Structure formats: C-alpha cells, structure tokens
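Right after this note come the structures.
Each of the two complexes below includes chain A, the first together with chain B, the second together with chain C.
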Partner chain A sequence: MNSRSRYVWAYVMIAPTLLGTVLFWSWPAVYSIYLSFLKSENFGLINHWVGFANYEKLFHDREFWQNLRNTLYYTVLFVPLTLVFSTFFAVLLNSKIRGLSAYRVIFFLPQVTMPAAAAMVWVVLFARDYGFINYLLGTHVAWISDSRFAMFALVIVGVWGAIGLNMLLILAGLQGIPRSLYEAAELDGAVGFRKFRYITLPLLTPTLFFTTVVLMIGATQIFDSIYLLIGKTNVALPSVRSLVYAYYQNSFVYYDQNYGAAIVDILLVINLILTGIQFAFQKKWVNYD
Partner chain B sequence: MAIRKKALMSAMSLTVVSAMALTGCGNNNDNSASGNSASPASSSNSSDTKAADSSKKDVTLTYTIWDQLQQPAMEAIAKEFTAENPNIKVKVEVIPWGDYWTKMSAAAPAGTLPDVFWMHSGQFVKYASGNFLEPITDKVESGEIDMNNYAAGTGSIYVLDGQNYAVPKDFDTIGLAYNKELFDQAGIPYPDDTWDYAKLAEVAKQLSQPDKGIYGFAAKMDTQGGYWNDMLANGGYIVSEDGTKSGYDDPASIEALKARYQMILDGASPTHQQMTDTDSTEMFKSGKLAMIFEGDWRTADIDGSDIIHGKWNWAPLPKGTAKRGNIINGLGNTMSASGKHKDEAWQFLKFLGSKRAAEITAEMGAAIPAYKDTQSAWVKSKPELNLQVFIDQTVDATAYPAGSKAYPVWFPKESEIMAQAWGGNISIEEGAKQVAAMMNQAIADNK
Partner chain C sequence: MAKSQAVAARSRSNWIIHLVLIAASVVMIVPFIWMILTSFKTVTEATQIPVKIFPANPDWSSYAKAFEKSDFGHYYLNTIFAAFMKTLFPVIFSSMAAYAFARIKFPGRTLLFFIIISVMMVPNPVFYTPQYLLMSNWGLVNTVTALWICSLVSPFATFLLRQFFIGISQELEEAAILDGCNPFQTFRYIMLPLVKSALVAIVIIQLLWSWNELQWPLIINSSPDKLTLSSGLSTLVSMFSTNYPILMAGAIMAVIPMIVLFFLFQKRFIEGVAFSAHKG
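Moving on to the complex of A and B:
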C-alpha cells in the first residue's frame, strides 16, 4: 500500500468521529462567536451586525459579574473536593477487601443515574420542613432556597455525581503503578501514609492532571443542577446563577440569543485561559516518569 | 517512557471525552449540548408526517398541547375527528408548559412547528408577526368558521392587523379554592360572594396554625393566579390599556402587592421559601392550606387528590376596594404556516372549533370551552363543585395583559425580580418599581 492511500484510509476511519465533532461541537462554537456580534429578530431570521455592542452591555451588567463570581466560586469548591473524595475512594477500592466489585458499582451508580431523577431525590432530601438532611443534622435550614446555603447544596450534589467517574479514572491510574515500587519501599521501611505520599501520589499525578482539567471545564459549565434544584422563582437564584444558566435564560427564555452567545464566548475564553495555565504549570507537579 | 505515558494519557482523555459526548451521561460537562437538544426533540414530530404527501393518502398530523390533564379530552376529540376523516390520524403530543415555548421558539425558525398546536395570548404576537402561523382570515370571511360562535370575547384575542390566526379553544378565570374541613373545625362560614380582601386576610389569620404546618391562605408569588387579581381589585393595573406603560409602580398596585405580602409576615401564609420547596397548590391538595387562588384548569388536578377529594369547593375571588378583579385568558388552536399538510390541518382545526369538540372538552371537565352555550356542560362535569363561579366572574374580568411583542420579554423577568421581593431580599415597593422599569424598557425595545 502506498503512503497516499494509507492517508485516505486513515481519514476514512476517523471520519465519523471527526464529522460529529465538527458538526455538533466545533461549528456551534464558531457560530456562537458570529452570533455574539449580531442583533437578531424574529427567532434569528433577521439579523443586524452590531459589532461589540453585546460585549459592551455584558461588561456593564452587574448580574454578569455576579454570575462569573458564582461560577468561579463553584469551581473552586467543586474541583478540589471531587479530587480528594475520588482519590480517597479509589485508594480504598484498590485494596483487597470483600465485596470489592459491589462497592465499585455503588460508587459508580450516580454516574449512570439520570440527572433529573437524581435532582428530584435531592430536592426532597434538602427540603426544609420534612427533608432527611435537616432531620439527620437536627437543623432547620432551607438548603436550596436560602442564599447562604444554596451554593453548598449544589456543590454537594455536584461532588456526589462526579465521584463515580473520577474514582474510576484514578483507580485505573492506581493500577498502572508497578507493585515492585511498593515492595522496594517496604524494604526501605515505608509504611501506610508514607507509601501513599511518596509513591502513589507522584505516580498518580498524570491521572490527577487529566481529571483536574476535565473537572474544571465541567465545573465552569454547571447548569442542570441549578435548573433542576434551584429553579427560576427561587430567592437564592442570584447567588448561585452560573454563566451557562444565564446563557440559557438569555438565549431560550428571553429570546436574546446574541447576548447569550456573548456570555458563552466569555466562558470559552475563560476555559482556554484556565486550561492553558494548567498546561503551563504541569511541569511543576506532574510526573511522567 | 515519558512520551509513551503522555500519549497514553491523551488517548485516554480522548476516549473519555468522546464517551461522555456519545452517552450524554456527563453530569455537568455536556449542558450546552442538552440545552441545544431541545430543537431536534420537538422537530421530530413532523418527520413521520413527511412520508405521506398526497391528501388522499393517509396523513398523520401532530397536535401539540402543554397540559397533560387535558390529554385524554384532546385524544377523544382527535379520535372522533379520525372517525369522520379516516385518512387523517392525529397524534396528540404533550410538552409541559415549562419547556413548551422554549421548544416552539427553536422549532419556529427551523420550520418544524407542529401541524396544529395550542397558542397562548402572551406568545401569539411574536409568532403571528413572524409569519409562523397560518392565517385563517379567508376561512372566516368565507363563513367556513364563525367567530361569533365563541363566548367571552375569545373570538377577538388572536387577531393581528386584521388577520385571524386561531380558532378559540377555551377560556379560564381564577377562583378561590377552600378547604371545607378546616373551615368546619374553626366554625367559620365558607367564603361567598360577600367577601372582600379584608375578610380574606382576617379569616386567613384565624385559620392558621403554623405549629401544625397549616396556613389560612397561600400568598404565593404568582401573576395570573395571584397578585394580578389583587392589583386589579385595588384599582391598579398591570399594563396600561394602550400597552405603553407598566402598572407595577402604580400606588394602588403596590398597595395590593404589599397587602398580599403582609399575609406572609402575619403568619397567615407559608413563606416564599416554603412555597419554593413545595408548590402551594400541592399544599392545598394535602390539606395544609385553607384557601388558595387557582385557575379553573386545576380543578381535575386538585380533585384528584385523595386527601382533599370531597372536602373542598370553589368561591368567587373577594371584592377589592375598586372592583372585583379577575384575569380572563383564552387559549387558541393554531396551525403552522410551514406544515406539510395544511389542508388536513385546517380540517382538524375546524373540528377543534366545532360545537362537538367543545362538548367533549366540557363533558370530560378538561377546560371551559369557548363555544357559546357549551359552558353549562362543563359546570355539570363536577356537580359537587361550584364551577359556576368561573362563568359568572367573566363579567368583571380583565383580559390577560398580553398581545404585544414585549410580553414574552418582560414576563419571565418579572418573576425573577419579584422572587427577590417575595423572598425578603428587597422591599415589595422596590421590587415593584424594578419590575415597572424593566417592563417599560422591554416595551420600548419591542415596539
């Protein structure tokens, strides 16, 4: 086979994935940038070019800055907590205990539960007057309708939902660590936490790096738990409303797709910067040896 | 080694990301995708009608509605229509109110609106002025359908620039639902047409037992089924008659809003937070509320609760200082301008506007039919309840404040601002003034 036909075959093989990605991910992303420079009427059938007007409005919109703060606050709480809990459970499930696969299934279950169904259960758990969480803690807190607590409720639900998949990824990383290293460390007298600190953790950094990047991108796009748990008539909405929620409201509820597009384009830039920073700093802590 | 591991990591990330994209099970990562998926979901309905293209062949029309409670009645109407027109089948599809207009707004520019669908007066102008609805003016002029057949002014709601766009379906007003058991226990006579708002507040206080979780009234943050009625009764208004100005900052409107909120402060109503946790009508259904404003369309829903069944009834809304306030709204059936089977759709639309369809609607208790002289069948659909109040109240009722391009813009924002006032973050007066400013802006932007 000559090299040219090999190329052709390679492209044929990746075409289904590539087409899907371009059609459903790349094209909408590019199109949303175009949309953000327009003012549309009549469901987007009539468009006027307005330049940076939508972005100008954005920078003077106090609600936008509050939404940005909320999004970053959620990310700062959600990502470390998910990493810590996922690593903790992954290490536990990497040991030899009875009923191992049962535990793995239990921890992975939230991942395959429909978010809407899970949210309905959480709404009941969080309820002020008859909720199980208040009953358990002996408190009387309106978890999802009090501005002081709503963010924590969202983080709890978010972490609960994210542990499953990330635990699995970290577990795969743990199983890639050669046993011989632990045996050597034991000969040198390392036990318990020291083994984790000096062998497991450094060798797990590539996996942790990957999960951090993915988690952070996911966290900045939080939407469904706000939509399902908090709702639009909730007094706590302004203190948890994220950029993507604001995008949804503007694009699909207020029919202002252009302003919505400007919001997600800012988010896109933020994510590019965040990911760029992480790649730049990975040399400091990620161990590929 | 290092390079191979890096390659492994990137391969791993690709697999995971694409798996998440394909299965759509990522919790947070694929929100934008799930938001967009609204359009294909709603557009799917016309795909199965494409197969048949000649009018003599079998045709399946999609009829989209938002109220699941009315689905059985709408299906009964569709069935009878198909019996008369064997080649036209009708699929009744329910999209809940919360998603309905989101999906319609995606379907409209894509040309995939359902063949026939329910229209709300608030959304009508936006769809009609964009030429997404098929005008039926020629059918009205040729006498195929007579708009004088419809009661309570419903024939004139869906008219824009002299063009008719909808066949009136039903109308609705608001009533005061009360729990007879709670009144009996307290030895207080049931509400009647002599009640005014002062009496409502007084009795609500008497009936409240917050320690038992029982409240006299639900002073909910709600428009059509809530404070709009209060504002009108107190001499205020929602939008000025020429549609140019918000009435939220009118002193009489603010006074009415404050009076409603005062019932929460008095402990005569659950707080906004409580009503966010549990919908107030659900509280009424579980016997925790003595009184609530609700639309007639919730009758079957409330009566379906085993706890309250047989222990409740309807009364007219109380009198205000100015008049008896009540919002009347009428739904219409419309057809898509880009439908594939417009002739068949018109046949169905005509049948939906017929006396027979109104009778089915009435007898099944689905809604108050718009067709003249069929309302009494609806009143009789549940003889143990005083449904007559909804018909009687049409006399004093004010039309739903829609009929503008601005309405779809200000309406969702209204509830967000008022939620801050009802939740106690800002004063009622401040909230009302913010809503007024927002509405006036929306009216100016959407002339």
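Moving on to the complex of A and C:
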C-alpha cells in the first residue's frame, strides 16, 4: 500500500479525536482567556473589550488574595502530610508482610468513593454536638463551622482520600530499588532508619518528586470537598474558599463570567508553572538513568 | 543461634507493622462504617447526645425516603448513561487516534499530537465557562446530553494508548500490511487485541471519573431529573440539612455501584488507576 493512502487512513483515524479536542477543549481554553478581557452585558449578548480591567479588579480584591492564600495554605498542608503518610505506609507494606493485598484494598477504598458522598459522611463525623470525632476525642469543637478549624477538617478529608493511591505509587517506586543495595548496606552495619535515610530516600526521590507535583496540581484545584463539607452558607467559608470555588461562585452564582474567567486564568498560570517544573526535572532525571 | 534471634526479631517487628497497619486500616474504614450505621438509625438516634454508635433497631426507611423525596431514579439513569457514553466513545476514538499517531508517519503528526495533548496541562475549571456557553448556544443546557457530549473524546486516553502502541514490536504489523490489510484493519484485528490491558485500565478510569465527577454536572444542569448522583447528593444536603440518616442512605446508594465493581475487579481497578496516575 502506498504511503499516500496510508496518510489518508491516518487522518481519518485521528479526525474524531482531533476535531472533538479542538471544539470541546482547545477552543474553550483559549476562549476562557479571551473572556477575562471582556465585560459582558445581557447574559453575554453584548461584550465590551475592557483590557486588564478584570485583573485590576482582581488584584484590588481582598477576597481574591484571601482565596489565593487559602488555596496555597491547603496545598502546603495537604501535600506534605499525604507524602509522609503515603511513604510511611508504603515502607511498611514493602517489608514482605502477609496480607498486603487486603491492606491495599482497604487503603484504596476512599479512591473509588465519590468525593461528594465522602464529604457528606465527614460532615456527620465532624458534627459538633453529636459527631463521632468529638465523642472520641472528648472535645466539643465545631470542626467545620469554626474558621480556625475548617481548613484542618478539609485537609484531613483530603489526606484520607489521597493516601491509598499515592502509597501505591510510592510502593511501586520502592519495589524498583534493588535488594542487593540493602544487603551491601547491611554488611556495612546499616540498620533501620539509616537504611531508609541513605538508600531508600535518595533512590525514591524521582517518584516522590513526581508524586509531589501531581498532588500539588490536584490540591490547587480543590472544589468538591469545600462545596459539600463546608457548604455555601457556612460562616467559615471565607477562611477556606479556594480559587476554583471563587470561580464557580462568581461565574455561576453571581453570573460574572468575565471576573470568574480572570480568577480561573490565574489558576491556569499556577498550574502551567507546576507542569513546567515537572517537565524540567523529569528530563534531568531521565538523563541520569 | 544468631540466626534464630534474627528470625525472632523479624517476627516481632512484623507484629508491630501489622498493628500499625491495622490501626490505620480502621481509620480508613471508619467513615464507611459510620455511613452504614447512620443510615440505619432514626433521626433521634443520629443526633443523640451522648453519641449512640449502634442503632437499636435497624431502620430501613431512610433509603425509601431518600429515593422518593429526591429523584434518585433519574440520578442513577443519568449517571449510568453519561458514564457509559464517556467511556465507550473515548475508548473507540482514542485507540484509533493513538494507533495512527504511534504507527503511521504522516505529515503534521507532531503538531497535531501536540495540539491534542496540550489541553492536558490545563486545569478542568478553565474549560467550564466556554463549554457552558457552547452548550447554551446549542440549546443543550439542562439536558442529559450536556453531561457527556464534551467528553466524547479524551486527549488523556489518546496519550496513554499511544505509549502502548509505540511499545509493540513491528513484525506483526508488517506481516499484516504484506497480507494487504489497510491501516484500519491492521489496527482493528492485529494491534487492538495487543493493548487490551491498557484498554481495560482506560475503561476503569473513565467510568470512575465520570461516576464521581461533581463540578460540571453541577454547573450545566439544575432540573432535578437532569442531575447525576454526585450533583443530586448536593441537593439532598440542602433539602435534609441535618436529617443524617437520609443523607447517609443517599450517599451509600451513590457509592455502592462503584464499590461493588471495585471489589469484583480489585486488581484491575488498582492497576488501572495507578497506571493512569503514573503515565499522566
């Protein structure tokens, strides 16, 4: 078969995905940036070009800075905690114990659970007067409606949901470390934590780095658990409201799609930077192999 | 002597490890147990002080109430239908495109592939407003179609499957070409069966993602009969703010299908999700 007709087949085979992607994904991504430079009236029937006006408003908006801080605060709490717990359990599971698959299934369960449903049960667990958590701890804390604690409640729910998958990814990284390295270290008298510190951790760095970036990208997009755990009428909402929540509120509750687009485009910039860092370092490590 | 000591030390440390893992497992499972226990309580039991852990008599009525007073029948149908569409079409379209990108050297290949995968770097909320405007133009706001139509194609699945096609040896394909197969036949009968495990992984993650997705269904549809389980649960919360048994019954009904699938295909689920996280 000549190569020209092979080309035709190739174009036919990529056509649905290419057209669908451009129509439903690429064009909307570009249009979202365009929207942030407009001011719409009459539900988008009249659009004025306003340049950077939406961004100026954004940078003078205290609520925006608060939302950005909340998003970053959530990220710096959620990511390290998830990493530490996931690594800890992965190391335990890597010690050739029995029941590995049972533990894996149990830890993975939150991963297949709808975030909306999970958030609802945490609302019940965190309830002040009749919640199980206060009952266990003997405390009387309004976990999700006290602005001092709401962020911690969100982080706990996030970490609970994320450990299973990340533990597995780290476990896969651990299993890639040759046993002979440990045996050599044992001959030199290395035990317990020293083996972890000088063999496991350095060789696990690429996996941990990759996991960190993926977790950060996910954390900056937090929405579901705020929407259902905290809720729109909660007095603690301002102290946990994320960029995506603010985007949702401005675009689809207050119907200011242009301002909403400006908010979400800031998120886009943050995510592109994170992805850029990931690519840069990925190359570096691939070269080391 | 030294050896038996080492064995003893090892089994002791194994016990400690098991203890830690069991304690952690309990923490992981408590929310599920609490969900089930609460759904069988009466409202009085669920909000009793001090906390009552077990219901006196299992009360099933919350399930019926959640089903009747909201539109759970529609939530199920919409979620299942949308998940089906968002799985079937991306798998067909992406595997075709992935094969062409991996195995046929056509002009513009690199550029077109870049156009497709570049959207993977963009966070989902960025797409929502323009997609909403598009749906609105087509008169699709508040329809079941709007739940799935934007996800007919999947750049992510295309990217993953392309990796797999690249990894397959040339020989089989060359034999097929010599036998006069056109590229689509080669793809369909020779290559596709070889990436079956990747296809299964993609089916699983597409099902899981679309089943659990909240934000898009929340934005695009508001009529009770056009909601999914995920967005439906959030209306349940505003209807029955502290009627915990009904809320928990609803939550269980929403998560049960995926959890049952998970228990039936544990290994494939775990591999599929881990695999997609790794390559993405």
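As a working rule, the second predicted complex is superposed on the first by the 240 of 289 C-alpha atoms of A that agree within 3 Å, B and C clash if a C-alpha of one lies under 4 Å from a C-alpha of the other, contacts with A are read in each partner's own complex, and residues count from 1 in each chain.
Definition applied: contacts are C-beta pairs under 8 Å (C-beta built on N, C-alpha and C of every residue); 3 or more make two chains touch, one makes a residue touch a chain.
What you see is a predicted model; the values in this text were computed from it and never measured.
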Touching partner for A:248 - first (chain B), second (chain C), both, neither: both
Partner chain(s) touched by A:223 [first = chain B, second = chain C, both, neither]: both
Which superposed partner A:142 touches (first chain B, second chain C, both, neither): first
Contacts of A:206 with chain B and chain C, given as first, second, both or neither: first
Partner chain in contact with A:121 - chain B first, chain C second, else both or neither: second
Contacts of A:234 with chain B and chain C, given as first, second, both or neither: first
Partner contacting more residues of chain A (chain B vs chain C): C
Contacts of A:9 with chain B and chain C, given as first, second, both or neither: second
Touching both chain B and chain C, residues of chain A: 17, 20, 24-25, 28, 44, 111-112, 115, 123, 129, 165, 169, 172, 214, 217, 221, 223-224, 231, 244, 247-248, 251-252, 264
Interface residues, chain B side, partner chain A - complex: 1-2, 5-6, 9, 12-13, 16-18, 21, 25-29, 31-36, 38, 102, 105-106, 108-109, 126, 129-130, 132, 213, 221, 272-274, 276-278, 408-409, 412-413, 415-416, 419-420, 422-425
List of chain A residues in touch with chain B within their complex: 17, 20, 24-25, 28, 42-45, 111-112, 115, 123, 127-129, 142, 144-147, 158, 161-162, 165, 169, 172, 206-207, 209-210, 213-214, 217-219, 221-225, 231-238, 244, 247-249, 251-255, 264, 288-289
Chain A residues touching chain C - in the complex, by the definition given at the top: 1, 5-7, 9-14, 16-18, 20-29, 31-32, 35, 44, 89, 92-93, 95, 97, 99, 101, 103-118, 120-125, 129-132, 135, 160, 163-165, 168-169, 172, 214, 217, 220-221, 223-224, 227-228, 231, 244, 247-248, 251-252, 257, 260-261, 264-265, 267-268, 271-272, 275
Contacting residues of chain C [partner chain A, same complex]: 13-14, 17-18, 20-21, 24-25, 27-32, 34-35, 38, 46-51, 53, 93-94, 96-97, 99-101, 104, 106-107, 109, 112, 115-116, 118-119, 121-134, 149-155, 158, 177, 180, 182-184, 187, 208, 211-212, 214-215, 218-219, 229-231, 233-234, 237, 244, 247-248, 250-252, 254-255, 258-259, 261-263, 266, 269-270, 273-274, 277-278, 280
